[in-house]
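Order of writing sets the labels: A, B, C and D. Residues in every chain begin at 1.
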Amino acid sequence: MIVIMKPEVSTEELSPIINRIKRAGLDVQINHGENRIVLGLLGDPEILRSVSFQQYPIVDKVVPISNSYKLTSREFHPQDTVVDVDGVKIGDGSFVTMAGPCSVEGEEQIMEAARMAHAGGAKILRGGAYKPRTSPYAFQGLGETGLKIMRAAADAYELKVITEVMDEAHIDVVAEYADIIQIGARNMQNFRLLEAVGKTGKPIGLKRGISGTIEEWLNAAEYIAVQQNSNILFIERGIRTYERATRNTLDLSAVPLMKKLSHFPVIVDPSHGTGIWDLVSPMARAGVASGADGMIVEIHPDPLNAWSDGDQSLNEKNYLQMMKEVEVLVEAMQKIKSLTKGEIVC
Amino acid sequence: MIVIMKPEVSTEELSPIINRIKRAGLDVQINHGENRIVLGLLGDPEILRSVSFQQYPIVDKVVPISNSYKLTSREFHPQDTVVDVDGVKIGDGSFVTMAGPCSVEGEEQIMEAARMAHAGGAKILRGGAYKPRTSPYAFQGLGETGLKIMRAAADAYELKVITEVMDEAHIDVVAEYADIIQIGARNMQNFRLLEAVGKTGKPIGLKRGISGTIEEWLNAAEYIAVQQNSNILFIERGIRTYERATRNTLDLSAVPLMKKLSHFPVIVDPSHGTGIWDLVSPMARAGVASGADGMIVEIHPDPLNAWSDGDQSLNEKNYLQMMKEVEVLVEAMQKIKSLTKGEIVC
Amino acid sequence: MIVIMKPEVSTEELSPIINRIKRAGLDVQINHGENRIVLGLLGDPEILRSVSFQQYPIVDKVVPISNSYKLTSREFHPQDTVVDVDGVKIGDGSFVTMAGPCSVEGEEQIMEAARMAHAGGAKILRGGAYKPRTSPYAFQGLGETGLKIMRAAADAYELKVITEVMDEAHIDVVAEYADIIQIGARNMQNFRLLEAVGKTGKPIGLKRGISGTIEEWLNAAEYIAVQQNSNILFIERGIRTYERATRNTLDLSAVPLMKKLSHFPVIVDPSHGTGIWDLVSPMARAGVASGADGMIVEIHPDPLNAWSDGDQSLNEKNYLQMMKEVEVLVEAMQKIKSLTKGEIVC
Amino acid sequence: MIVIMKPEVSTEELSPIINRIKRAGLDVQINHGENRIVLGLLGDPEILRSVSFQQYPIVDKVVPISNSYKLTSREFHPQDTVVDVDGVKIGDGSFVTMAGPCSVEGEEQIMEAARMAHAGGAKILRGGAYKPRTSPYAFQGLGETGLKIMRAAADAYELKVITEVMDEAHIDVVAEYADIIQIGARNMQNFRLLEAVGKTGKPIGLKRGISGTIEEWLNAAEYIAVQQNSNILFIERGIRTYERATRNTLDLSAVPLMKKLSHFPVIVDPSHGTGIWDLVSPMARAGVASGADGMIVEIHPDPLNAWSDGDQSLNEKNYLQMMKEVEVLVEAMQKIKSLTKGEIVC
């Protein structure tokens, strides 16, 4: 940690702060700059972070050096982590598609959605049985019934299942039916939930918070990883910005950035990332080209009558068209990787 | 709900959409504008919201008319709601201060903090026993032990207690020791937790989400209110913006705006709102002047050694000074209210 | 324009507002909703916008229907506009690269940069002679000298020139040397400058403002277009968000969205969009895949010693590698377009 | 400047970077941390900033120490600067109100507005003759005619005049009629315009940019100050955030923060800060309590028929009521200042 003094602070004035540092068992290096003194502090990171240097009127700025996440960092684990979802590998250089409706609405709908997903080449079925809804009066999901019929639909088309859990009480039942447990954007910093899903050992799809920073996202993954669960998938789903012409702003630069800072795979969600169905295909293509390991996309047999997120869901025709486009880009990315003998930047 | 067609769409082209509307059991009024047709839709709001009009290529824009929250709205309950916290009234025109450390750290610290809080005129002791921390390696709170010693400290100085609950599992124990249960910013849209605290019937301090919109905040309160709990306090704690010179951007316009749209009291948090101790007093003063019903502020007997949030905590001297300033402004606001015979704008 | 009344407002209470509307020469349709009256207003859009309906206490919300931009809209000009930059066509389905240093620093540097740009396949040389710098003490550009040596370098390698103009006083000299005049992000709403560059008839590269909305950007283009200049290129360069791990957040969804709403070409700037050199290639690739008509990228013979923006500039090796990757994706996009017989979604 | 290496980088690997630093004529201190090396760099700040350390793969982070603004800083000028506007002092502990319409619309309107402004106790008349408008089809202001009639109206009621200049071409004429030249939010980083108004020597009202950071705002003032003009007023007018329930988010914490970092007075604009007339009074009050030196507020004899910004303009009754409230708070703030013998925190 670096502590920068205000200009013209003298060595004598440093005494209280130096004493405080030593009392905390930390080492200190004193550097004399142009017109400022700068302290370099050494010691246990958690102790470093616990001292409130900003309270000293002579302090100008405090700069942390080390990150608080460890297991999640690329430094800790230089190779890419490949997450194995009951045989479907994510992070091995392939591009995996997860597709399905926003909400599981009934047997026929989810079976039809699974058929569509499979027809387009998706390997994993998405669908919500427990739904986080802004209003208490909106449809909240079918619960366990929804999980059961989604599992049956997925099995009928040899798909894996990803679905969201919203609270600890439902972790067991979700874990029973799902192959990947999804943590929604609103729960990225629901720390007790992170710990609890971490303990299941199951693959976890960790969505970026609605206004989650890159650093908070990495730390959220650390809550899962410390439970000895390294089956983590980061899902970029767009962030909240001033721009409201789209539902969110899909931050595709997060793909190469997260892959630089961490070893876990990164998935993009062009549906929530835009909120508008005819922007989904272009952003899916861009997601492939950004280097993502897969995508999660909302499709529906009849988007006009979807119970939720109909505006951003693709119908069968548009979904199949998108998947053809994505396939062409996946091939192009393979070609690029061979060009660079795997040395592709980020 | 209003559905605006693209320019030059003809009446004939409307047939599919009109049929869809009628099948949903909704009424429709067709208006012919300059160069566009505009539909006015009537019927059950939840049905209205469930149709994905954006999927029709002839539709340009969809505008909802009614709000999804009801019990929380000023229209539903025109008078101010006064929340009674075991004898301390909030929302009755007075200004109530909640003060205390970020974290309960031990018996001595919390007892000393309670003494300070009381000395300054605070009526309610704040302090965290379950702490939401970005990193899993940071201090997570003392748990039930913390609750016990905070209760004892509060009782010693005749203070009420507000403290955060982070998951359903701890609601009972928190409810046992606390007078107000706080929902933290990261949990504003943890809907199951909102329902569960709603059921306790206790006063709930509902912090605005880190990037919560005014509308989402009102809807979050609705999740509590539908549990027949109308002891809700909105706490404005700053929102996340591009500006990082302060920890958050304290949105004081939310005070008059929330009081216009809802009947529940509004509290400001100048500590998290700024993150810098010497901005706390000015923002506390501004909070009073904006018309808030109270404030929640972080104080610490020894901020330099606080285990968390030391940078934004006030020491005794600065806290007492702030409380004197606040008192002068509270009196000024009383004078203003008498000037306007209670007709103060917002 | 639609004016939505508060609930329970009666027809009688409407009189003052109806009179006001009629005095303004506007037509009005009165619609009775579930528990609200909704007015549909017809007439001159500028008159509509000039009435302050929010001042009437009985009004809840005002919703504009028509956009304020016209010449810029896709509705006005359904076909794609192809901008011809002295023989280099932009917007015709090809992908055009503009490359060069942030600042023109000297003859040798810009000549070397032009050689690099050309070697990688760029058609247009970028470089700043008038530099907008946050601090008055930072290098402000070489001015006309810079323009001259950039022109010479571009001519030596058969490149066109794009460069920024910061104020009206320099438009003539910039227009003399440049093929495309760039309006920087800080000037997107410098309306007098927009009008003045519009009058030159030259191609204009209009960067999105630092926090420019899609709608403001379209209206900014309208200021140019009303000067009978339809040689406009939109340049998405990232927007300011809460996330500071990257310099800006590159909003690639703006590519398909702008192409849906307008007929002018869209260029992406992965250098300013990320601010970090090793994120530039992935975002360049993603830009191609999003459907952009070209990109503008910072390169430098010696980024370590660049006078500005060195952190985000590519050296020759990385630039040439990126251009190979981009070429593969451009081919893939051509294949996709042929698949869809030009009916590519966006 | 501090340059933090990645973990495990050895002293040997530092050679290229150390050589680079020495070639630039800078001094360097090498510190060995827990598992990282940290460099402290000394020398000319502009040279320091010009080296692109991020290009070295062994570098993790670069942290600037000194600010790029000087004349604007509190360190350079510890006492408050008092700006004298032809006899009206701003920054001397008083609270000065600037009031008037958004646009000057005609003789009668501006004369009536001046009468109102004066009746409420404002000392300065605001009003726009050159208007920055999002759309080219919107009213652009009366130009010099507007300036003339505003001057006449101000003189009739012994008011000073503040008005915006949008481009260099109009600086002379604006300077002829105005006492304070306003730089609008869209022009905070129009650097040539800042230099040009700086040269007039006139008081400059520098609005914060729509998404201007505190640091950019201070640097923008520096562009004026280096022209030997230290008659600068900062105007906080709200920033662009994700929240659209208000037009902008008024950042009142900027008041004490700017007063801490700089010596120039700070004015608040509750009209643009909220965009909604009935939020203006509460935010004006909060502005006083935050420690601002004055406010600028939109009033109109007939807001319903205002040519621009009618929604946020106060009519006479509401304006006079607000001024009474503000007066009570100004007195309260005087009392607070006397309590603290001028040692008021901020």
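Everything below uses one rule, namely that a contact is a pair of C-beta atoms (placed from the backbone, for glycine too) under 8 Å apart; a residue touches a chain by one contact, two chains touch by 3 or more.
Note that this is a predicted model, so its numbers are computed, not measured.
> Compare the contact pairs of A-B with those of each option in C-D, A-C or B-D, and report the one where over half match by residue number.
When the contact pairs of A-B are compared with those in C-D, A-C or B-D, C-D matches.
> From the centre of chain A, which other chain's Cα mean sits the farthest off?
D
> For chain C and chain D, let me know how many angstrom lie between their CA-based centres, rounded off.
27
> Could you grab the centroid distance between chain A and chain D? Build each centroid from C-alpha atoms only and quote it in angstrom.
Result: the chain centres lie 38 Å from each other.
> Which chain D residues reach two or more other chains?
Those would be 211, 215, 240-242, 244, 276.
> In the complex formed with chain C, which residues of chain B make contact?
Residues of chain B touching chain C: 2, 4, 6-7, 29, 31, 33-36, 38, 40, 42-43, 61, 63, 65-66, 75, 211, 240-242, 244.
> So in the complex, the part of chain D that touches chain C is made up of which residues?
Per the stated touch rule, the residues are 20, 45-46, 49-56, 68-69, 132-139, 166-169, 186-187, 189-193, 195, 209-211, 215-216, 219, 222-223, 226, 240, 276-277, 303-308, 310-311, 313, 315.
> Which residues of chain C touch chain A in their complex?
211, 213-215, 239, 241-246, 249-253, 255-257, 260, 273-274, 276, 278-279, 281-283, 285-291, 318, 321-322, 324-325, 328-329, 331-332, 335-336, 339-340, 344-346
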